[in-house]
Amino acid sequence: MAVQTEIRLTGSGGQGLILAGIILAESAILQGGNAVQSQSYGPEARGGASKAEVIISEEEIDFPKVDKADILLSLTQIALDKYADSLKEDGILVVDSELDIPEDVKASKIVAVPILKTAIEKIGKAMVANIVALGVIQELTNVVSKEYLEKAVLNRVPKGTEELNKKALQEGYNLVKDA
Amino acid sequence: MASKLIKDYFRTDKLPHIWCPGCGHGILMRSVAQAIDNLGLDKDKVCIVSGIGCSSRAPGYMDFNTLHTTHGRALAFATGVKLARPELEVIVVTGDGDCAAIGGNHLIHAARRNINITTVVFNNNIYGMTGGQYSPTTPTNEFGTTAPYGNIDKPFDIPALAGAAGATYTARGTAYHAKQLTKLVEKGIKNKGFSLIEGISICPTYYGRKNKKGSAVDMMNWLKDNAVDIKVAEKLPKEKLEGKFLIGEFKNTTEPEYTEEYMKIIERFQKER
Amino acid sequence: MSKAIEKKANLQIKRDLCKGCKICVQFCPKDVLTMEGGKVKIKDIEKCIECGLCELRCPDYAIFLGGSEDEE
Amino acid sequence: MKSRKVKLMQGNEACVEGAIAAGMRFYGGYPITPSTEIAEISAVKLPAVGGKFIQMEDEIGGIAAAIGGSLAGLKSMTATSGPGFSLKQENLGYAAIAEIPLVVVNVQRGGPSTGLPTAPAQGDVMQAKWGTHGDHPIIALSPSSVRETFDVTVRAFNLAEKYRTPVVILTDEVVGHMREKIEIPDPSEIEIIDRKKPEVDPENYLPYEVKDGELVPPMAAFGDGYRFHVTGLTHDETGFPSNSSEIAEALLNRLMNKINANLDDILDYEEFMCDDAEIVVFSYGSTARSAKSAVKKLREEGIKVGLFRPITIWPFPEEKVYELSKKVKSIIVAEMNLGQLVLEVERVSKGNCKVSHLGKANGEVITPNEIVSRVKEVL
Amino acid sequence: MKSRKVKLMQGNEACVEGAIAAGMRFYGGYPITPSTEIAEISAVKLPAVGGKFIQMEDEIGGIAAAIGGSLAGLKSMTATSGPGFSLKQENLGYAAIAEIPLVVVNVQRGGPSTGLPTAPAQGDVMQAKWGTHGDHPIIALSPSSVRETFDVTVRAFNLAEKYRTPVVILTDEVVGHMREKIEIPDPSEIEIIDRKKPEVDPENYLPYEVKDGELVPPMAAFGDGYRFHVTGLTHDETGFPSNSSEIAEALLNRLMNKINANLDDILDYEEFMCDDAEIVVFSYGSTARSAKSAVKKLREEGIKVGLFRPITIWPFPEEKVYELSKKVKSIIVAEMNLGQLVLEVERVSKGNCKVSHLGKANGEVITPNEIVSRVKEVL
Amino acid sequence: MASKLIKDYFRTDKLPHIWCPGCGHGILMRSVAQAIDNLGLDKDKVCIVSGIGCSSRAPGYMDFNTLHTTHGRALAFATGVKLARPELEVIVVTGDGDCAAIGGNHLIHAARRNINITTVVFNNNIYGMTGGQYSPTTPTNEFGTTAPYGNIDKPFDIPALAGAAGATYTARGTAYHAKQLTKLVEKGIKNKGFSLIEGISICPTYYGRKNKKGSAVDMMNWLKDNAVDIKVAEKLPKEKLEGKFLIGEFKNTTEPEYTEEYMKIIERFQKER
Amino acid sequence: MSKAIEKKANLQIKRDLCKGCKICVQFCPKDVLTMEGGKVKIKDIEKCIECGLCELRCPDYAIFLGGSEDEE
Amino acid sequence: MAVQTEIRLTGSGGQGLILAGIILAESAILQGGNAVQSQSYGPEARGGASKAEVIISEEEIDFPKVDKADILLSLTQIALDKYADSLKEDGILVVDSELDIPEDVKASKIVAVPILKTAIEKIGKAMVANIVALGVIQELTNVVSKEYLEKAVLNRVPKGTEELNKKALQEGYNLVKDA
C-alpha cells in the first residue's frame, strides 16, 4: 500500500484544479498505472476553497479518498490554511510563493515557487497556473513521467492552446530546476 | 455595518451570500426588501417562503419568518402558512425551475385560488444550483448542459401563465430595472390576492457561460437593451419589438381572495353560536 | 472589519463583501468607480452625485450611500 | 359534568373526531379512497371550531400545506391512502428533519400502485418507516377499532407535538370504513399535549437549541415575533444550514434519540392471554381482531395461545417481542401483506423461537378460522 | 477484433456508457445533485445512437416518461438522488405491477430531506425496497467502482428486461463522482438480454399470460400491432382490471416469485478472504472499498477477517449471509447510514453470531481506519 | 353485436362500462372514437393514455394500444410513448381532476413543448371516482363533499390555461354537442402539436346530486341552453353571455413540434456518419 | 344475448346495455322512443327519421342505427 | 360467541341497504348492545350487487366481517344468486317474493314476502323498501326491539318522512305477522 501516492490540489474555484487532477490521473493511467480522482462539490465550492484529489498507484486502489496527502499543492492562502495540516508529516508541500506558510506546518519538504506569477508573466495567462503547478509537481516527485504527463495535458486542453500549455509545463519544471 | 436597508432587513451575519460574483439574485433580493421597507410592513408579520435553488436561498439572508422548503413546493407550504394565519404577509421567492418546472402545478393552483401570496420568481433561464441544465424558461435554441444541441422546448411566459390560471396581479421586471421591480413587488404585495412578479435575473456562471453571453455586466446590458416597458411597447411598431421582451404590469384586477372567503365560512359558524 | 470599509463623502464600500462583478463600475453614470485587485474602488469621489445606482444594483450589498452607523 | 356520547361511528369519522378533540385546526389533503371521508368530515367540522380545511391540488401539496399550517401554529393533519402516501414521502422527510409536528393518516388499501383501491391491506407498514430517503425518526400507530382510532389519533397529535415529529397513523379500509359503537369521552377526560413554546426572548431564541438533558427544542410559530429560519437542509441549532459533519451527526443523533430515548412513553401494545401462551399470534390493526377472535376460540379448546398486538408499530417494540420470543415456542405474524413486520419479529427474536408468517395481499381480510388453522398446524 | 478502451472516467459517466452499451435508447429525468451528470451525458450521447433524451418537468414525470418509453419498445432509464427518488416511488410501484422493464438509478446523497446535497450517503437502501406502497418485487444493485458501475448498469438492464421489472441501481456520491481507470469492454464481450417478444399472433396475445413453468410474460410494444391494455390496477392475464381475490393473489405471487425463484441468477456478491475469517465485514458500494482496505491491513497483522460485499442488495442474499453467520464469530456491517442493511443481517443471522453496526450519516465516508479499529474492538 | 363504430373501435366484451346511468363520459368516449374513425387512423398506430378517475377508465374499453396510468400522470407517460415512437398517434383521455388538479403540471409542460399529443378532458366539474369532491373546475359557490359550505375556489378555464402554456390547438365541446365535439377532436388530432379539447361532461351521480342539477336529461338540457358557440358569441352583446360558457375552437396555430425537432437532432448525427 | 336486441327498421336497441338514463328519449326529435321497465323502448318507429341523435348521445351505446351484422 | 347475530343485507346500489344496516346497528346500540356495520365499496358497487353487513352482539365483537350470515336479506335476483350460499345452514333467508330462490339454498327458514311491492303500493315510495325489510327482519328475529328500531329509524331518515317510514316499518312487521 505504500506504493500509493496521494495528492491533494487546493486553491480557489476557477483555478482549474479539478482539470489538473484529471490530467495527473490520466497520465498515471497512460503510464499503465492505476489512479482515482475525486473532488469536493457543492455550493460552498463556489466561493471558498476548492480541492481535487488524486491517488496514483501500481496496485488496486481501495479507499478512493485522500486522508493524509503525500503531496499537497496550495495556490491560495485560504486553501493553504484549511488544508495545511492534512499533509503527511513526511509529505511534500508545494505552494505559490506569495503565500504565508503557517508556522506549524510539518512536511519533509516545502517548496514555495511563483506559480501564479509565472503563469501570468511568462505564459501570459493566469488560467494555466494549474498546468504550471503540474510541471512543478512532476519535476519534484516524478510521480508520473514527463512523457505521459505531456500526453495527458495535450489530450485535455482546448484545441489551439497546446503550445501554451506545453510551455506552461516546461516553466513548471524550470521552477523546480532553477530553485 | 451595511446600508440601512440591508441592516434592517437582512441577517447581515450570513453575508456574503453564496451567490456567484455578478449573480443577479442579490439585486432582486434587495428589491424585495426595498418593497417591504417602502410598505413599512411589520417584520414579525412577514413570512418569506422558498423552494430549492440558488434563488431559493434568499430567505436564509432575510430577517423575517423564513421557510426554505423542498424543491418546487414553496407555494404549497406558503398556502398552508397563509391559510393558517392570514394576518401574515406571505411572500414566495422562487426560481424559474422551482416555480415553473417542478413547482408549476402549485403555481397555477395558488393563482387559481387567488390566495393573497406574492410570488417573486428570480428567473435566470436556467437551473443554476445544479449547474446549468435548461429550464422551462430557457429560450428555444439556447444551450444548457442537458441541451447540448440547443434547446428544442418553447419557454413559458410565466406571468401570462399565472394570469391565465387566475392570478389577479402579474408583472415582470429585471435585475437591471431594479427600481421598477421594487415598485412592481410593492404593488404585488398590496394586491389582495395572488400576485406574480417575474424578475429577470442573470446567471453569468452557467447560463451566461453556456450561451456566450459575456460577463455579468454584458448580461445587465442585454437586459437594459432588450426589455421594453409595456406602456412604451403599446406605442411601438411590431418590428421594433422583434426579439425584445416586455416589462411592467400585465394584469391588475380584483377578485375574491381565498383566505377572506374562508373566514366568511368560519364567521357563519361564529354567528350561529 | 472596519478597516475593510472605505468611506468617502456619503459613499461607502465594504470591500469584504465585494465580489468584483463590476456592475457598479459599469452603470455608475458619473464614472466614479473603478476596480482594483478584483474589488471595487473609488476613483473620483468628487464626481459622485449620490444617485444610488451603484447601491441599487450591487448584487452583494458592498457599496452604498450612507448606511447605518449605530454599530460600534 | 362529563358527557360521553355513545354513537355509531365510522373509523374515518372517529379519526376526525379524535383529531379535533386533540386540537387539530388545520387539514390539508387530497381525496383518495378509502381515506376520503377523513377529508370530507374535516371539511364539514373544522370551520365550526375555527379551523381551516383546504383541498390541495395533490397529495404533495396536501402535506406541504399541513406543514405550513403547523409552522404557523396550528395542529395539522393530512390523510391519504397508498398512492398518496407514496407521493407524500419527500415532505414527510422534510417534516422529520425540520421537526414539524404533523399527523399523517394512511388508510391502507390494496397495492402496489393503484392495485385494489377499495380493498383493505396492511402493505404500507414498512413504507411508513422507510418510504422517504435518508435516515430519519418516525412514529407510526395502528388502531384496531373505531374507538381506538379516536384514541390513537389523539395520541398521534400528542406525540407529534411532544416530540416535534411527524406521526403516521396506519389504519386500513376495514377500520376506516366500518361503523362501530364508540363512546366519545368528555373533553375533560382527554389528555392534550401542546408543543412547548419558547420561554426566551426573540433575541435569544435558537429554534433548534435544546436545554441540557432535553431532546426536543421549543417551537415558536411564524408570526409570534420570533423570526426564525426553517430548512430541510442539515442545520445547526440556529436553524441555518451547515456542512459540518459534526453538526450533521449531532442533529441526526438527536433526532433519532428523541424517539429512541423515549420508548417507554411512545410504545403501546396490547397483550392478550400471553402469560402462559406457548404460541403467540402477533397481529395489529384490523387483522388483530381476527387474531383475537381466533385466540378466544383456541383457548376454548384449551390451546395455550395468546395475542400480541402492537399499537405503536414504529418504533418497533423490540424488547417486548424479544422477551416474548424467549418465552414462547412460536410466534405467528398475521398481517395483510406478503411479509413486512414479520421481518422485524424475525430479527428481534434472534432465533429464540419459530417465527412464521400468515399473510394475505389479495384484498381480503384474514379470517379467524385461517388463524385457528395455522395455530393448529404449528402446534 | 475486440477493442478495449482504457479511460479515466467518472462513475456517473460509466453508468451512461453501460446503459448505452446495454441498449438504453430512452432517458427521462430531472436533474439533481449528485446524479445530474447521468442526465447530462445521456443528453449528449443518446442522439448519436438514435436514442431519445427528455428532461421532464419533475422526477415524477421523468419516471413516467421512461415507463412510456419502455412500453413503446425502448430500453429506458431514469436517474436521480434522494428527494427525487422519493418522488418516483409511486410510479416505481406502477412499473412493478405492470411489469415494465426500467432502470432507476439513485446516486445517494445525505438525507433526510434536502439534507446534505453534495455529500455521500447510503441512506436510501431500505427505501429502494420499501419506498412505494404495497407489496411488490424489486431488484437493487450497488456497485463499488467506476468499472463496476458500467457492469452493474449493463446487468441492471439485462435483469429489467429478463424479469420485466424495475431495477434500482444504488450508487452514491463517491462512486458517482470519482474518476477511475476503466477498461470499456468490446461490445462483443457484453452479454445483452432483450425482453422476450410475443410469438403468438395479435389475436392470441394475452399480455400477462405466462407459459407453463415460466414466470415472465412476453412483452409486445405499443405500435407493434398487438393492441393490449396496461393498468396499475390489479389485473388478470388479459391485462384488464379484476377485483377477484384469486386473481390478485395469483398476480402478486407470480410477481414476487419471478424474483424469488431466480435468486441464483439475480444474486451477486464478492467474498474476499472469508474462507478462514472469524470476523466478516459486511459492506457494499463505496464503503466496501474502505472495508477491503481495512481487511488487507488487518490481514497484514494476521487478523482473520474477511469482507462480504453484496452487489445485489435486493433481493437480499439471505442464505449466503446465514451461512456466514454460522461460520464466523462476528459480522460488522459498515454502511453510510444509521442502520439499514444491518437489520437484514441481524434478521437472517438468527442470533448465530454477533452482529454489530458501524454507521455514519454525517456526510463523510467511513474510513479504513475506522473499520480497522472496530474490528480490533470486536476481536 | 353493436353499432359499427362501437364494434370497430371498442372492446365490446368489456361493455357495459362501469359508468353510472346517464354519465356523460360514454358520449364523449364515443366522440373520440368517431373522430378516429373519421380520420381513418390505423388502430395499431393509435395509443390512448389515461390517468385515474371515472373518465380515465375510457381506454380500457377502446380497442387500441391503451395505457391506464397513475392519477394525474397520463401526459407524462404519454410524452414518453410519443417521443419513443413518434409515428404513434397518442391521445390522452383524462378528467378535470386527473388533468387539471394533480396533473396540472404535466398539462402545462406538454403544452409548452408542443408535443404532438391530443388531450381530451372529460370535465364533469367534480371528482367522480372518489365520490364528489370539488375539483379545479367546480364553479365557485357550488357544492362538493369537501365543499360542504360552497366552493370558494375559482375554476380553471382549461383551454385558456393550456393555450397560455403553449398548446397550439385548444377547443371546448360538450356531451350534448357531441357532433361538434367529434369535429373538434378530429382537428385536434390533425394539429401537429399539442392539442387540448375540453369536453364538458355530466356526472348526475355526484355533481348533479350535490348541486340539485336534476337528472341526466336535465343536465344535458343545461349544456344545451348554456353553451354558446364562440362564433355566435362574437356577435352577441355581453349581457346575453352572462352565465353562459363558450364552446368551439379557441386557438389554432402552428409552431415547431417537439418530436420532430428531436428527430432533427438525431438526423444531424446520422448525416455525420 | 340476441333476444335482448329489439330491431325495427334500421333502429336497434341493445336492452342489456341500456341503463335507462332517458337521454335518447328526451332528445329524439321525433318522439320515437319511450321508457319501459327502466329501459328504452321504441314507441313509434314510423316516425323515425334515422337522424342518429339517439345513437350520438346514448352514453351506453345501447341504441343505434344499422350496426354491424357480421356476428353469428 | 354464539350470542352474536350476523346479518347481511343485499340488493342493488340505490336501495338504501347501507342505511338499513346503519339503522340496525344503531338500534342495537341504543338498546345497550354492541354492533359493527360494514359494507362493500368500489366502482363495481355502482352497477352490480351491493351489500351491507351488521353484527349485533352483547359482547365485544372481534372479527368485524360477516362470513356466514345468520340472517340474509336479498332484494334482487343478482344479489340473491351471488350471496345465497353465504347463509349459515341454520340461518334465515328473507327475500322479496318476486325472486326465484335457488334450489340448493340451505336455510332453517326461508321467508319470501313482497317487500318491494309493499313499499311501492302500500307506502307509495319504492325508496322505503329498505325500511319495510327492516320491519320484516325485526318481526321475524327480534334481533333488536321494535322500540329501539323505531327510534333508530327516526334518527336517520330525512325530516318530514318520519310518518312514512314508521308506516313502512309497520308494514314490514305485518308482512311477517300476516304470512
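Lettered A, B, C, D, E, F, G and H in written order, each chain numbered from 1.
By definition in this document, a contact is a pair of C-beta atoms (placed from the backbone, for glycine too) under 8 Å apart; a residue touches a chain by one contact, two chains touch by 3 or more.
Since the structure is predicted, the reported quantities are computational estimates derived from the model, not experimental observations.
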- Message: What's the minimum number of touch steps needed to get from chain C to chain D?
- Response: 2
- Identify the chains adjacent to both chain C and chain H in the sense defined at the top. none
- Message: If I rank E-F and B-C by number of C-beta contact pairs, which comes first?
- Response: E-F
- Item | Whole-Å gap between the CA centroids of chain A and chain G | 86
- Note on the structure: When centres are defined as mean Cα positions, the distance from chain A to chain H in whole Å is 86
- For chain A and chain B, what's the span in angstrom between their mean Cα positions? 42
- Query: Counting in whole Å, what is the centre-to-centre distance of chain A and chain F, each centre being its mean C-alpha position?
  - Reply: 61
- Message: Where in chain G do residues touch two or more of the other chains?
- Response: none
- Item | Multi-partner residues of chain A (each touching 2 or more other chains) | 42-44
- Residues of chain D engaged with two or more neighbouring chains: 33, 47, 57-58, 60, 83, 90, 94, 113-114, 117-119, 231-233, 243
- Please name which positions on chain D make contact with chain H in the complex. 6-8, 33-34, 117-119, 173-174, 177-181, 286, 289-290, 292-293, 296-297, 365, 367-369
- Task: Write out the stretch or stretches of chain B touching chain F in their complex.
- Result: 101-105, 108-109, 112-114, 136, 140, 149-150, 152-157, 160-161, 163-166, 255-256, 258, 261-262, 265, 268
- Note on the structure: Per the touch rule, the chain F residues reaching chain D in their complex are 52, 70-72, 101-102, 104, 127, 129-131, 133-134, 136, 145-149
- Note on the structure: In their shared complex, chain B is touched by residues of chain D numbered 25-26, 28, 47-48, 50, 52, 54, 56-58, 60-61, 64-74, 76, 90-91, 94, 221-233, 240-241
- Query: Considering the complex alone, what residue numbers of chain E touch chain D?
  - Reply: 60, 82-83, 85-87, 89-90, 93-94, 96-98, 108, 110-119, 121, 123-124, 126-127, 129-136, 231-234, 243, 245-246, 248-249, 252, 256, 337-340, 343-344, 346-347, 350-352, 360-364
